[in-house]
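Below are structures written as structure tokens.
Two complexes, one shared chain (chain A), two partners (chain B, chain C).
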Partner chain A sequence: MANSDQAAMPTPSAPLSRQDGRSPWKRRYRKYVVPWMFALPILLINIIVVIGPSLSAVYYSLTDWSGIGAGEFIGLENYRKILFSDMDYRRAFLNNLAWLAFFLTVPFAVSLFAASMLARIRRGSMFFRTALFIPYVLPAVITASIWRNLLSPTLGIGALLADWGISGLDVAWLGRPQTALISIAFVDNWHFWGFLMVLFLSAMQGIPPELYEAARIDGASRWQEFRHITVPGIRPTIVFMLLMVAIWSFLVFDYVWILTQGGPAGSSEVLGTLVYKQAFMRFEAGYASAIGLTMSLLAGMVISLFLYLRRRGWEI
Partner chain B sequence: MRNATGKSLFLLVILSLVLAACAPAAAPALAGEAGAAEPIKLTHWIGVGTGGSEQAECTIANVVEPYNEMTEGVTVETVLQPNVWEAMRTAVAGGGGPDIVTTPGPSFVFEMAKSGQLLPLSDYAEQLGWADTFAPWALSLGLVEGELYSVPHELETLILYYNKTVFEENGWTPPATFDEMVALSQQIADAGIIPFAHTNGEWRAANEWFIGEFLNHVSGPDNVYLALTGQKPWTDPEFVEAIDLLTDMQLNGWFMGGLDRYYTGTDDERRVMLGDGVAAMTIEGTWALDNMSNYFGEAAGNNNEWDVIAVPSVTGEDIYDLGIGSTYSINAASPNPDAAAEFLTYYFSPESQATLLVECGVAPAPVTLTEEQLTGLDPRFAKAFAGLTQASDEGNYGYTTWTFWPPKSDVYIYEEIEKVWAGQITSEQYLQGLQDLFQEELEAGDIPPIPEREVSS
Partner chain C sequence: MKRLFRQRRDISLLPNYILLIILILFALGPVVVVGFNSVKDAASIGRNPLGPPTEFKWQNFPQAWEIGNFSTTTRNSLILVVGTVTSVLALGGMAAYALARLKLPGGGLLMLYLLVGSSLPVQLFLVPLFFLWRHLGLVNNLFGLIIIYVAVHSPFAIFLLRSYLVGIPPDFEDAARVDGANEWQVFTVIILPLSWPAFLTVGLVVGLGVWNEFLLATVFLTEQHLFTVVTSYYNFTSRFSRDWSLTSAAAVMMIAPILILFLTLQRRFIAGLTQGGLKG
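The block that comes next holds the complex of A and B.
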């Protein structure tokens, strides 16, 4: 049996083409061409719907394209305008930074707290998880419409409380420049944090229970357990979500558009709504492309920071 | 291996065929080149907008289907589109789209025409006598570099709706001049009623309704005409006065009871307030005539009645600001432009437009409608449209911002005014910004066509 096996094996000195009965061309074809043919459909789709439009956006950002017909090449004029003269861009950018600061703190704090509480619950935990996750699966337009009414000074919670004699909350939260952006962020967070909580809860379930038992034997408090076991145990998940939330914060559009369209007086304008207005209302699609590319650049900077920290040895 | 190669090649061939199938088909022969007996199909996308699908279906049943029945060899196929403009511009830009192209207004036609996406209509207008059908100024709105590319549809204007019962109970009479309206607003506010049920919570561009009204009715339409044609700057004192007056009224809380309420109220909410008598008046478009009755009377839980008048002007003259809700054109890629032009002739005939108004509540095109044709129409509708038609025929009209201002200036008008109301900039700074942007668009030739006007000295 061993001999017959050896006989079937090609001898080392024999040319490979003769060993498997294939010509070098066929071998190269199979190695280099066939895999590409399988990848070709998805590659074509990618070129058509992602790479092509991305490259065209770079080109259009250098033109005064209106969105219809052809545009005229104007060099870096759009970028000069963004950097030096467009106050609306500056304001929207600052609002995006405020949004970033809110979403890198509030939902993380709330969801980490809730996940660490739920991790201890044995009975009925699925109910809480489902209930808290449901807002995430609701369409943005529905969530925003519900909260528009709840925040209404005449129909909402504030008006109801005022009827009961508790005044001071029946204010138009979305109608005041001082509170519009934070109110939208609150609504968006209401829909988002449940998703974050479920992710953290899943990550927490991967932490060995012995670590908690050992900590308890050593007399650790709940806070110490959370700080020295839970957080380090789910750090990759936390950091990954910090990265994603940072990227999403520069792309925010839906809740702002539905609730205030950037108003009042530009107080809730973000880069996403500014791009939409420039492209589809002011017919400055070339300028909108330039703003869009700065958004991509900001997201790219966040990803670069993430990669840099990983290379420096951070466990993220 | 041979099998594997064969399969790969087979897959490649299939993929090539699929891609080939995705390529645009060659355009069919023009109607004129085809045999006379060959049936023609025209495509027409109808938007499902504020009137809902009921209004669109009513249009099909009362105007399109009768046309299909009366013509031999030509069928108009309608498709209801919830977001018709976005779908239209994308399809037409890609060389497709329906034969009949509709846009939200003349300024949208401008870019499409310059890009060669629309068919010039001047020859059809001459052959088919469109100049006799439309109001004198109407066809000039569709001109791009001297060539006609669109015809206007849905003539609209802003009017003053008021709660007639509340007025009668308080002994108030509808204001005849702008000053009377301001004085009355103070009286109404003193009586604990909100003078105007105005919001922009659901439609932020609603700001421009009031800006346009104040510019035309305080500064006067002649001055607006001069500014629109570049003969006068927007920074002139009469425009500053209009914006100051609007700002004062807004900051007085006369619009909805406060600026923050103005920014957050919904359209339904403000109409309920008007119907219930919580508010006394509202300046809104003729598009609201059709459903205003839903907020009054027993069914709405009140016994109130409503009525309309022209928005008062400083001179006391009835001024109606002309607005165009949509335009109709022919797709440059249409294989049947002659048939499309014939359909437009039928569609814009006074008979069809009267049917659309009376049966479906669709605002008519700027064509002359006789009293007979408007039989059965609510007298308030008839009063508003009669006033509008008269103003349009006599050339004594104002200008709505969404029809006569170029797109960037238009967006500036309703976005930046909030900075004036927030105290971030002054009326002068606001108008200076408008002047700079308008001048830029004027020099670029992006101003929609402004019909000639005889300006009184």
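The block that comes next holds the complex of A and C.
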């Protein structure tokens, strides 16, 4: 059947090929040159902006370069410094790992919970979905400034609770080394989890309702339904988002920079803010390139681990 | 009997509604507080930092507009958004058309290249790109930043537009080609009018991304007269961080257009963003 369909296909475009067939040059022009004229402009822009500088970052990472003039080639010295002597790098890296641990758990728990609540209701579900998505479309500078005030010890939520007699929360969340990083993660998550929730919700809507009906007849509890039907039903979405969130966790910049610039005393420094400082404040562009490259390597390692586990037969 | 069943069902869903309302308060409460504080004066914020306003100080808005230099920053941001969106739609649309329709030789390689390119983090190419751009005189230049935004956003645009174009039946184009139209005419006269929903979705996602973007705008636009609403707001809040009423008024002016646009076109926004538009 399929074959006869394919055989019938060329007929409508027969006049086209006759037109092409005028001269071999013209045919080649239509086949190769015209399509590439359509694709070339964006490809060139992408090469100039993304791939070219990415490749030269590999070279610059082997130099001592201030950003002006020619860099001095110093081999793997930058990487030796990263691995063995730079305490700022080590702390930033550990903060990125803490960030990773936070973002692989908290937003997933909250958004899975909310999505499974929302998947059951019909009336008003559109309203809830839209409302919970709103924080995701706000710019980071706004989100950060709102929460800087809400987390303030004198004007924020902590002060309000202290007035009501619940003391202990009116502290400078962003101003203390112990709480700065977790507070930034909290603010970023406030902005982010609604996005995750909507993704999970639309995946959940693809689960056949008969599965839930069968489970209910068997007397399954809500938790059992969630554990044995909902989670397996949307597993591809969950795993893909775990992968993406893990990659993003090594690249975080905006919220940290806007809220604390890595402070106080480097307690919330991450690799993203360290690159920025090295390149544009300390004028160590070569070293900054090396740090940027390690960030990409970390993201690449996450992808490789994912592919490796999948090849080993993990159902992810 | 049916009615009874529905009532029972609604009651069993009551906990769901309660928990969702709590989550909505968590998600929107802070936005509401900003709305409250945008019309308070500094003294009443000190007395009542989170509650609804008792008197309305509308002058906060013109004052924040003036101090935040909003007429300049809005113009800059609009130039970036319009420049980027039109270029991404035109150039990305052309590439998507070549991939979907013209059997681009080597198209698979181009897709692979775009996939790899779009997964490279900004921090990898940021530093060399900055010094290249400075060498070319494109730092502190809106056009220079537009080129970067176009490059960063085009892979997403090409993937989404391509998958839409693949689904359009080829009959119209073939008819036009038989009538002697060249590929450019087919693209502009046949394809664009047929695929505007996909172009609109891409335009909204890219426009929102550019309007909200922080890192590249901070690095590549350092002169005050070129600040975008976002980078200017960042400077504004570091200078006036004590004045919560002014920063709230500025915030309201910044997010009002985003919210109005989002709420009117929310289905399209959500569909586009969840197809991988923007990073968290």
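By definition in this document, the second predicted complex is superposed on the first by the 271 of 316 C-alpha atoms of A that agree within 3 Å, B and C clash if a C-alpha of one lies under 4 Å from a C-alpha of the other, contacts with A are read in each partner's own complex, and residues count from 1 in each chain.
Throughout what follows, a contact is a pair of C-beta atoms (placed from the backbone, for glycine too) under 8 Å apart; a residue touches a chain by one contact, two chains touch by 3 or more.
In this text, all values refer to a predicted model and were calculated from it rather than measured experimentally.
S.K.: Based on the superposed arrangement around chain A, label chain B with chain C as either clash or fit.
M.R.: On the shared chain A, the partners clash.
S.K.: Contact-wise, after the overlay, does A:S56 reach chain B, chain C, both or neither (first, second, both, neither)?
M.R.: second
S.K.: By the touch definition at the top of the document, which applies to A:P41: first (chain B), second (chain C), both, or neither?
M.R.: Touch partners of A:P41: chain B and chain C.
S.K.: Of the partners chain B and chain C, which touch A:S202 in the superposed model: first, second, both, neither?
M.R.: In the superposition, A:S202 touches chain C alone.
S.K.: For A:F283, is the partner it touches chain B (first), chain C (second), both, or none of the two (neither)?
M.R.: Touch status of A:F283: first partner only.
S.K.: Determine, for the superposed model, which of the two partners chain B and chain C contacts more residues of chain A.
M.R.: C
S.K.: Should A:M301 be classified as contacting the first partner (chain B), the second (chain C), both, or neither?
M.R.: neither
S.K.: Touching A:P264, do we find chain B (first), chain C (second), both, or neither?
M.R.: After superposition on chain A, A:P264 lies in contact with chain B alone.
S.K.: Return first, second, both or neither, reflecting whether A:P153 touches chain B, chain C, both chains, or no partner chain.
M.R.: So A:P153 only meets chain B here.
S.K.: Can A:A114 be said to touch chain B (first), chain C (second), both, or neither?
M.R.: After superposing on A, A:A114 lies in contact with chain C but is clear of chain B.
S.K.: Which of 2-10, 20-28 or 74-82 in chain B clashes with chain C after superposition?
M.R.: 74-82
S.K.: Would you please give the residues of chain A that touch chain B in one complex and also touch chain C in the other complex?
M.R.: 30, 34, 41, 67-68, 148, 155
S.K.: Over in the complex, which chain C residues touch chain A? Could you list them?
M.R.: Against chain A, the touching part of chain C is residues 13, 16-17, 19-20, 23-24, 26-28, 30-31, 33-34, 37, 45-46, 49-50, 91-92, 94-95, 97-99, 102-105, 107, 110, 113-114, 117, 119-132, 147-148, 150-152, 154-155, 158, 171, 174, 177-178, 183, 187, 208, 211-212, 214-215, 219, 230, 233-234, 237, 241, 244, 247, 251, 254-255, 258-259, 262-263, 266, 269-270, 273-274, 279-280.
S.K.: Spell out the part of chain A that touches chain B in their complex, as residue ranges.
M.R.: 22, 26, 29-30, 33-34, 37, 40-41, 44, 66-70, 148, 151-155, 171-177, 260-267, 277, 281-284
S.K.: Which residues of chain A touch chain C once you look at their complex with the stated criterion?
M.R.: Going by the criterion above, the answer is residues 12-13, 15-16, 19, 30-32, 34-36, 38-39, 41-43, 45-46, 48-54, 56-57, 60, 67-68, 114, 117-118, 120-121, 124, 128-142, 145-150, 155-157, 159-160, 188, 190-192, 194-195, 198-199, 202, 244-245, 247-248, 250-251, 253-254, 257-258, 271-272, 275-276, 279-280, 285, 288-289, 291-293, 295-296, 299, 303.
S.K.: Inside the complex, what are the residues of chain B that reach chain A?
M.R.: 1, 4-5, 8, 11-12, 15, 19, 89, 93, 111-112, 114-117, 200-201, 204, 258-266, 269, 407-408, 411, 415, 418-419, 421-422, 424
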